[in-house]
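Shared chain: chain A. Partners: chain B in the first complex, chain C in the second.
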Partner chain A sequence: MTAISRVAGSIVDARPWIRAWEAVAERDGLRRLLLVLPTLVVLLVLFVAPLTAILRLSLLDPAPTARHYLEVVTNPTYLHVLGITFETAALVTLLCLALGYPLAYVMATVPGRLAGVLIILVIVPFWISVLVRTYAWMVMLGRGGLVNTLLLRLGVVEEPLRLMHNFVGVLVGMTHVLLPFAVLPMYSVMKNIDRDLLRAAENLGANRWQSFRRVFFPLSLLGVVSAAALVFVSALGFFITPALLGGPRDVLLSMLIERQVNDLTNWGFGSALAVVLLGLTLLVLIVFRRFLGTAAWGSVVEGR
Partner chain B sequence: MTDGVSAGHLELVGLSRHFGDTLAVDRVSLTILAGEFVTLLGPSGSGKTTTLMMIAGFVRPSAGEIHLAGRPITRTPPYRRNVGMVFQNYALFPHMTVFNNVAFSLEMRGIRKREIAGRVGEALDLVKLAGYEGRLPRQLSGGQQQRVALARALVFNPPVLLMDEPLGALDKKLREHMQLELKRLQAALGLTVLYVTHDQEEALVLSDRIAVMNHGRIEQVGRPPELYETPANDFVAAFIGESNFFEATLVDRLDARWVAETPKKLRFVVPDRDGLRLGQHVRLSLRPEKVAVEHGTGSDYAGVVEETIYIGGVTKLMVRLEDSDETVTLVRLNSTGLPAIRRGDQVRLGWDPADVKLLASRSEETR
Partner chain C sequence: MNGWRDGRAGPGDWDIARLALYTLTGLILLFLLLPMFVIVPISFSSAKFLTFPPPGWSLQWYEKYFTSPAWLAATWLSVRVAALTMVLATGLGTLAALGLARGRFRGRGLLYGLVLSPMIIPVIITAIAIYFLFARWELTGTLAGLALAHTVLAIPVVVVIVSATLQGVDPNLEHAAMNLGANRLRTFWRVTLPIIRPGVISAAIFAFIVSFDEVIIAMFLSSPTTATLPKQMWDGIRQEIDPTIAAVSTLVIVGSVALLLLAEVLRGQAQRLVGGPGSRGGQEPRAKEDSP
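And then the complex of A and B:
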């Protein structure tokens, strides 16, 4: 493996971290606790404290009350936004998996050097700000943008298509930004599938497609589920890309929160929305985790 | 059966494989008869696994042909070759139960469910794993995984079984046990087996015939005693068992025998053979267990014990000869009643001239 693919592997492969944690838990705790302490302090100050503040705001602003939460649950507008948020995240996840799986497959199966080039192509966008990438899409998708100009010149369309400030724009932008999060976990799992297993399948009479369907695909599911979890959870809280590429009707929960806090200075309600988003995200993670546990080695798929 | 050749008959004709500039397999020709157990024996990188991979169809030969039961299979894709294979690390499908692993090949062949259940049961009986159908591979020990791999490779009745160092991952005791069991199965089912290993002892235990490979070429093919007693060259002599090697020159002729002398003036009597001439440079091999030893002095082969290594049933002795300063290694049974020989003892050595083997020195051999 090239250096970069190794880096990519370690970014998404959580096992070393889990093992490190087990080591901490097992052996002489105190000395190791000291090593963890700086991070722990940073997390407490920058993460736990603000979270507690938000939780307090949502319940105590301006006086102890549950009305912010009641508002979220009873007002159809907010439920509608919640629905759009989940729908968008789900669609983006499906798009990322559909585009990412073949790409990860090629990366994991082509010979060394070409795989290295592909990995760089997947990782480079990571180093570019999301804002810059979103503006790039505005240049591409606008009325006089690259895509429309090309289509008009070729005579495919007679009038420019509406490609942004609507749901299409949101999907394109978010899928692009989140694609590496889908590709890398799937690549990491696929790369670790023992090639002898595929040889064994062929030796036993399976053609290429059968060995893919019966052996490679079930074993790659672990990566698919991690990829789906990563993309879905990231998409739930996405802000910049949908805000810039979406239309007036494509309001996601994160944008609603921003409006409550920045425009309406309604801190209590904004905080309640944030807590709801956080809670739902955790719920999704728990569901994925359960799925991940059972999908390990695909016993769900092949169980008898 | 095709053309009167039985199903298990496997023939390799001038098989070669390049990887870039390196020749991994160099014109290998070998015939494996139906029901025969043949082993490719050689150090790592000698081309034995590549040869096996070409037979299974995972590596395309650069040149040469493979015939199975008289039919060319050189360009047949792996999944249509119908060749059984046991992989080095078993390659059991980790997401499938033992049953599904063994049933896989039958499902691929479109066999009906009821028949599959019966045949999988038989195959698991054969390797003594009945009752383990529902387990996953990771819930089995190494030896059990090995048996599943064997059952999976046998269940579709392949005419030939290829095995790539299948016992390498097991500990010594289990390995020896599995060797005997494999031998029993092979005899009972009349299997044709092509086995790959770097372990000379394993090859001697299992094989009807052994093909010793080095640098992609077959150095010698023969039954185990032939290879051990009359190795064709110094590589084979060194790889199978241990030996004392001497570089020597033919200095004299006595009737039908030659006298060979090493640069340090140690003399051997060597049986005559075609093509030997006076002054010729030869390589000699003398197996350690062919050397007799007793306390004493005053012989051509008298010396001092420099080292003794106790290995349970036998003791290995290294003796430096007085006259010639050559070192001879020998092994001696640790039988009760024999006087112990210790380091520093004065000893006399002796051997039957017929046990001194002339080797084709590979530097002189025409390639």
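And then the complex of A and C:
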């Protein structure tokens, strides 16, 4: 385009302002880069450099070694932690999709004003402290909590159920915290589905279920995959909720990292675990990169 | 279901399937919201332990919070850290968004990825990495250290919100200002900034919340004398679940909801100014965000 307009300009020489504008635009591009520079410096010093230091720690302790990584992949205890981390993330993702899809569907199909109210109801919990929300579930699920009180009064159980400090607590808490991550990307795809396609299906004789299953659902899958990737990648590194609601056996990778660094000051091994978690996160991001555009993150942060 | 029927729901449309769907949606919303409503009555409980429903009412847990030097010091520290984070992240993030949203230079996508990555990478990794670095720089246990670390987490949030606001700004307004003789700085100050101001203020509010609620980094960077409010809560929950936490949580919820409502009002203003969803041209800028 630049070349063509330059050629055109030199031949006709009737539109010199095109060239002027392009020169401005090119310089403008670099000027814009200058605006990003302070943030770039801050992130290089406070984010990239520390991450690099962690990578070095995991490999040099103090001499070059791969033993920390070998320990991760050969010790059955740590392999078990990796397995549980994946299993938890996968189950939480499924639960979030199952609960999030109907909610997103209703949000995308009710009249605008009501949809606005529903969006706020989904966003508000998202922006309330994860710690507070996890604590709320400790209050709900404890021996004298709301759930057990209800079950006892209704005569469903005779003894209070053990609902937290075990895997059930982890699943309930993480699903609760991550549900907005599933709802918002699905909603943002669903509300942009062309309603004419559904009208066309119904005009051609499809009933409402058929038009949903054959037209709406396939078109919404993009949102479903992006929601799944977002929830899964967030669940992989989750810390606060599993640490408070899980039992002694529900140790996730993030909790193992915290323990190695904070309690045992075992920096080499802790760093190797952190690099493994980082690698797994990046792997998921790369596999799903087509579904994780800025729009997916944007939809969660802004709720639009 | 009636969305593509122009929002008209005739009486005949209320069939079993829709009733089931709306009931299910109601239950899911209850799951999402109920826990927070349970904390509030617990915080006014007269009991010494967490039981529901509370056997009686009292303000004892609020009294405990407001008379405890440790809780008040933690709250004050969190407010200062969050305020500093807000200033740093909003300044840096707004500039970066201005550069990234409009600039056409090589490596822009990569840069965008880098700027967003603290939001994507598990916080535990960022936390131990910064902890390692700050221990060397003797920044652990300091207000500056906490604010700098929180700034890393808050920058992406500011960039996303301000970029979205900028997408809706008509570049012709800026071109017009420059054609009328304003220089770049003046154009920014008199045209661009007034248009995006509600978006920037709302980004600042979210940056404040990110820092004020942050636990994991605070866990590593706090010293016995410098615990932020979430760190103090974390310790309280771990040691024993005493209902003071319920009182603090209620206060945090009330504060967060107030800030969110303020941000929502500002967002409404921003959309009126730049033409967000609901007015013309609202959908198109969103589509562009897909290709960073």
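Details
Just so it is clear, the second predicted complex is superposed on the first by the 260 of 304 C-alpha atoms of A that agree within 3 Å, B and C clash if a C-alpha of one lies under 4 Å from a C-alpha of the other, contacts with A are read in each partner's own complex, and residues count from 1 in each chain.
One rule holds in what follows: contacts are C-beta pairs under 8 Å (C-beta built on N, C-alpha and C of every residue); 3 or more make two chains touch, one makes a residue touch a chain.
Source: prediction; values computed, not measured.
When the two structures are aligned on the shared chain, A:Arg199 is found in touch with chain B and with chain C. Of the two partner chains placed around the shared chain by superposition, chain B is the only one that A:Gln210 touches, whereas chain C remains out of contact.
Shared-chain residue A:Val42: touches chain C; no touch with chain B. In the superposed model, A:Leu171 makes contact with neither chain B nor chain C.
When the shared chain is aligned, chain C comes close enough to touch A:Gly237, but chain B does not. Taking chain A as the reference chain, the count of touched residues is higher for C when chain B and chain C are set side by side. Of the two partner chains placed by superposition, only chain B is touched by A:Pro218; chain C is not.
Where the contact sets of chain A with chain B and with chain C meet, they give residues 196, 199, 297-298, 301-302, 304. By the touch rule above, chain A contacts chain B in their complex via residues 194, 196-197, 199-207, 210-211, 214-215, 218-219, 297-299, 301-304.
Of all residues in chain A, only 25, 28-36, 38-40, 42-43, 46-51, 53-54, 57, 99, 102-103, 105-106, 108-112, 118, 120-125, 127-133, 135-140, 142, 144-146, 149, 176, 179-180, 188, 192, 195-196, 198-199, 208-209, 233, 236-240, 244, 254, 257-258, 261-262, 267, 270-271, 274, 277-278, 281, 285, 293-295, 297-298, 301-302, 304 touch chain C in the complex they form.
Interface residues of chain C facing chain A in the complex, by the touch rule stated above, are 1-4, 7, 17, 21-22, 24-25, 28-29, 31-36, 38-39, 42, 49-53, 92-93, 95-96, 98-100, 102-105, 111-112, 114-126, 128-133, 148-149, 151-152, 155-157, 159-161, 163-164, 184, 206, 209, 212-213, 215-216, 219-220, 230, 233-234, 237-238, 241, 245-246, 249, 252-253, 256-257, 260, 264, 267, 276-278, 283, 286-287, 289-292. The touching residues of chain B, counted against chain A in their complex, run 56-58, 77-85, 87-89, 91-97, 99-100, 104-105, 108-109, 134, 136, 138, 152, 156.
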